[in-house]
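Right after this note come the structures.
Two complexes, one shared chain (chain A), two partners (chain B, chain C).
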Partner chain A sequence: MKAVEEKKTSTERDKKETILSVRNLVTKFYTEEGVVEALEGINFEVKKGEIYSLVGETGCGKSVTVKSILGLLERTGKVESGEAIFYRSSTLDRPVDLLSIKESRIRKIRGKDITYIPQDPSSSLNPVYTIKNQLLEIIRPHSDISKKEALEKAKELLEEVDLAPPENYLSKYPFQLSGGQKQRIIIAMALATEPSLIIADEPSTALDVTVEAKVLDLMEELIASHDTSLILITHNLGVVAQISDRIGIMYAGRVIEVASTENIFYKPYHPYTFGLLKSVPSIKKREKELDFVKGLVPDLYDPPSGCRFHPRCEYQTDVCKEKKPPYEEVEPGHNVACYYSKEVKKDRREEDL
Partner chain B sequence: MSKTLSNHMKMKKDQENIRLSVKNLKKYFKETSGFMGRNVELVKAVDDVSFSLGKNETIGVVGESGCGKTTLGKTVMRILEPTSGKILLNTRENETIDIVEAEKEQMKKVRKEMQMVFQDPKSSLNPRMSIKDIVGEPFDILNLVESKKEKEGKVLDALERVGLKPEHMERYPHEFSGGQKQRIGIARALAVNPSILLLDEPTSALDVSVQAKILNLLNKIKRDLKLSFIFISHDLGVVYHMSEKIMVMYLGKVVEFGDSEKIYHNPQHPYTKSLFSSLPVPDPREKRKRIEIDGDLPSPKNPPEGCRFNTRCFEELNEECKKRIPPLREIQDGHWVACPQKR
Partner chain C sequence: MVNKEYILKRLGLAVLVMFGVYTIGFTLTFVAPGNPAQAALGQKANKEAVEALEEQWGLNEPLPVQYKNYLINFINLDWGESFRYRGESVTGILASRYPKTMYYAVWSLVFAIVMSIPLGLIAAYKQNTWVDNLSVLVSQVGISIPNFWLGMLIIAILAVWLDLISVVPDVPTGSLWSFPGFFTHVTDYFGIIITLGTALMARNTRMTRSSTLDVLSEEYITMARAKGLKERTVVLKHALRNALIPVVTSIGFNLLLLFGGAVVVETVFGLNGIGKLYIDSIIRRDYPIIIALLLTYTIGVVFVNLIIDISYSVIDPRVQLR
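Up next is the complex of A and B:
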């Protein structure tokens, strides 16, 4: 497969500097039952200061993408090919390919230049250490500052995530905090090393809506004030619509459509994106029946040939079965991997969305 | 609350259209601590809840974790023993049973009328039982069939109703996808031909496109079999899609109840307002104008005096808010609010 690079366009976002560029990432899992072709050539770019969302349903490869980039795959997983160029390493002055550098190098980048916010805040905090201990443990190894300065920094961070006064929280243990407070601590930890990229895997899924809304607002604010970038992995289309700048829609191991948030929601070109959007129950209008994408997610032990979406697609023809569709730029900054994007454009009506 | 509500119910000419009426239902849990459990604290998980569920009607129950929505569901089913209150069920045979008082034989009738679909289809299906046995189990427990053959026929009907095939009968749960497992859960609930389904977060574990199929299926069987649903979910979009009426709960209390159109488009209780304004809308052009509420949910062991929401309310509080638990009042036809400021 030959992926066409996302073309440079004149939009403001594209003028910005690229932080991470992933090209043709292929990852497979070698299990006892056979080979799982989890990723079949992932392409995307993250720009400075933007929130880029990777959206897709269970098993589409969102988390595998992140794990591949960070070198955190399980033993059975193997990155077969591709590159993930990271442009903002603080230890090296040149761009590095995260997929080919040594383990010791990636360890220096992971946790310092690229940090991670996991889904479940309670399982990622150590239950037997105080918040102070856990914050200092992150701040000190990555900078040459005294214990006192580190403590000051910890307090600043807590204030930034709206846990004030910080003295009330420093001596607490995780079990004494609510889910929302724990997630704020995790966000503080992710910011502690002044990273240039934060990856958040379903950061608000475990939270209630009112708490979730506050955490998302906070994240949006902090990403802007720290001028860092965020890769947000989620399946919640509501969350994505509210905070992302650009969205990549994933299906069965491939990013099938990339565009601005506005375009994804109002001008989708891929039949899967269109189907996914229509299946969300809306509170704006009540429908008798919800639309949905017919069929099931493919078995990645034996994925469909050509375009992996073809067995479920109403536009499919022979070419879809034979050849993987290349990326095409349908509008400036809007890329789609589908032979029939023009037909989708003709058929879609805004009132359906 | 009970007085006004029961008056209203009497006024209702279509009383015979009521399938289930719950009156002053309470479920308190005792929590003991200290030496020999001498300190006893009461957790008022469901505190004085009344509502009635019509025939062919869906009531959506929404609220955040810990508000008591699941406990309410389980208490209505009498999976949990109610502390006090009445739950009157009008069966398909036009018999009225008080579920709270029902004896063993009567409970069997209740079980036949009311069935439940659980959140996680993975853990609610026994992995060692075949689909035939899972869906057929209610018949054995409730002694509803004479022969094996009759049972098999009914199992087949139930499977067909939810879009599964006869050859699935001999298979085991692990052979099915999440959406199919939830279909099996629904088939099991439907097998005994109930009139009420209690659905506790039935699609929370599923992806959106699978969720859409299950929601369509549920609405279809509701129409075809003339069922009533109690639909518990934290997903406001899903609840709106499914329900004619909505009940909003906060710390064991119903704070707002009524027609879903009214509540979604004109919420009155401050908590409902802030809850709905927090909902992330899947539309980038519609940035939410969020009404923020302060602080965290108070502990249900030690709820605030007066209105339970008064510690986080953004309206100006008056004496009544701090002293008295506000009753549900009907501020408009079919729209009930428990807030002293709304009349």
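Up next is the complex of A and C:
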């Protein structure tokens, strides 16, 4: 019964309004060793109330994508072109391009309309300030409430992330808490300003498996109850299957396939997605040797020409080496960047995913 | 935070340290060749006079007895008379010298901190810009240039050539530590303060810069920015306090080097402070002064270290003083 309900809501979400739309985002890093072409044209959009996952191997540009959008790139990184239109700014009544507005403007959106959950909770809280200090610091500047009201709000938030009684946690320093507790505090911070979008960068990788499951459940629950959207960055397909509505698969600085969770898992069109899914261990395939995507992630100092996946792709032909495949809609709401998506479709019928 | 037990434990340790320093210091002083009585009376003095003086000063006693006597007298605050300045009490001499050295040492420290922390912080924040290059240059030069050379340079330029300062500050000791004398006499001691403070400032700039660079690449700085905080808050609240943790240790350590520098600077500027007294007393084999300086200085070092450890625990809550 519950599963049916969930399915229904996810199809409803497809029709909902877009809150963030990223187009042709190109980011490069200018290091002493050379130029890293980290992102070569990222396209995706996030709709109201949905959980959108960006999935890919380490180094494919997931974190760079969100840091580019939020203006949090380190000094060497530079957004070269593209746009990231945000439709739900509470300070401006019109859609804003996050990549071109002034630093002082984006600061009012960051931490207010869009919040960030970083990868490692342990290193993301400042070791020398109390939890209370670090919570109030996000609550107060973004609203006109008194210190007392802010403190009440902080307590509410801690209760919401199952840290009760809140008084026990407010006066603590980060080193006095466990990894799971710290991640809950970070989640509380992310919810503090009632944002319309939360971006979580591998929020659970640094945690134990049992804690990870709890934190993910909590996040899913809170996203629904606060009616916000979530961009979830991860390399873990299990996590993605569990909670996301739509998935974008990234490879070497590009989103190569975007579809609903069901479609990505059951009807992939891109050879890389197909390969990834075949590499997920399964009870049914127990006797067989585990499949994997052959080759390595390319060196982005000197990326392959054309489609960056071609050196590892079994479908590759000359056209793949010469020209970047266009990003096309193969089914409604299902976009792929590959010349041979039809062949993949044919092949995957023969394989039992 | 700081508790009574911790302070008591540290005081106990301090006693042990004092004892060790006294033993080593006494041995080095008394075993080194040279006879204070002979030195006081001159090479041509007759033997009887020298022996009489030795007896008066207790130098004919066996070393272990003298070792015991000096220690007991020090503890009883009966520090005796100087060998060199006959008839003057050691307490009186130290009381007239310490305030001068402390005065410019404190101001050198203030100069070093006030200059180095902002410079190091800005340099790290604006890495690879002209501010950063300037800070690297300043710290490189400051560390490399010897105190005595810088002192002479300052005398030559500021005192002799431009006639802006006097070489030897001629200020009554008492007014140095009064209000507003404490502030107005900075100009009199300007040359000394800069000479002594430069090395410390240079070292500290480098330390602040590198520790700020480390801190700025921490995840919690990205997090602070993601919260939408102003850059000023990110740097002054989140980065600075963490960056100061290693800097505080380094300041404490360098403060001790500062007193070593006092010997050189006082010689160059001809100031009668502790540094010059130390050197003169060693040359003239003025045992009571040497021992008193040694022990008072050690007390100072122990005290400074305690202050540093306490301030460390104030800056960094992870440090628990036990």
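Operating definition for what follows: the second predicted complex is superposed on the first by the 334 of 353 C-alpha atoms of A that agree within 3 Å, B and C clash if a C-alpha of one lies under 4 Å from a C-alpha of the other, contacts with A are read in each partner's own complex, and residues count from 1 in each chain.
Here, contacts are C-beta pairs under 8 Å (C-beta built on N, C-alpha and C of every residue); 3 or more make two chains touch, one makes a residue touch a chain.
In this text the structure is predicted, and so the values were computed from the model without any measurement.
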*Superposition on chain A - do chain B and chain C clash or fit*: fit
*Could you say whether A:Ser178 touches chain B, chain C, both of them, or neither, answering first, second, both or neither?*
first
_Touching partner for A:Pro141 - first (chain B), second (chain C), both, neither_ = second
_If touched residues of chain A are counted for chain B and for chain C, the larger one_ = B
*asked:* Under the stated touch criterion, which partner chain does A:Leu125 make contact with: chain B (first), chain C (second), both, or neither?
replied: second
*First (chain B), second (chain C), both or neither: which does A:Ile109 touch?*
second
*Give me, in Å and rounded to a whole number, the least C-alpha distance separating chain B from chain C in the superposition.*
8
*For chain A, what residues appear in both contact lists, the one with chain B and the one with chain C?*
none
*If you look only at chain C, which of its residues touch chain A in the complex?*
127, 217-220, 222-230, 233, 237-238, 241-242, 315-318
_Quick check: in the complex, which residue numbers of chain A touch chain C?_
67, 70, 72, 74-75, 107-112, 115-116, 118-120, 123-129, 137-138, 141-142, 173, 175, 186, 189
*Provide the residue numbers of chain A that touch chain B in the complex, in ascending order.*
57-58, 178, 180-181, 208-214, 216-217, 235-242, 261-262, 265-266, 275-277, 279-284, 286-293, 296
*Can you list the residues on chain B that touch chain A in the complex?*
64-65, 177-178, 207-213, 215-216, 219, 234, 236-238, 240-242, 264, 274-275, 278-285, 287-288, 290, 292-293, 296-297
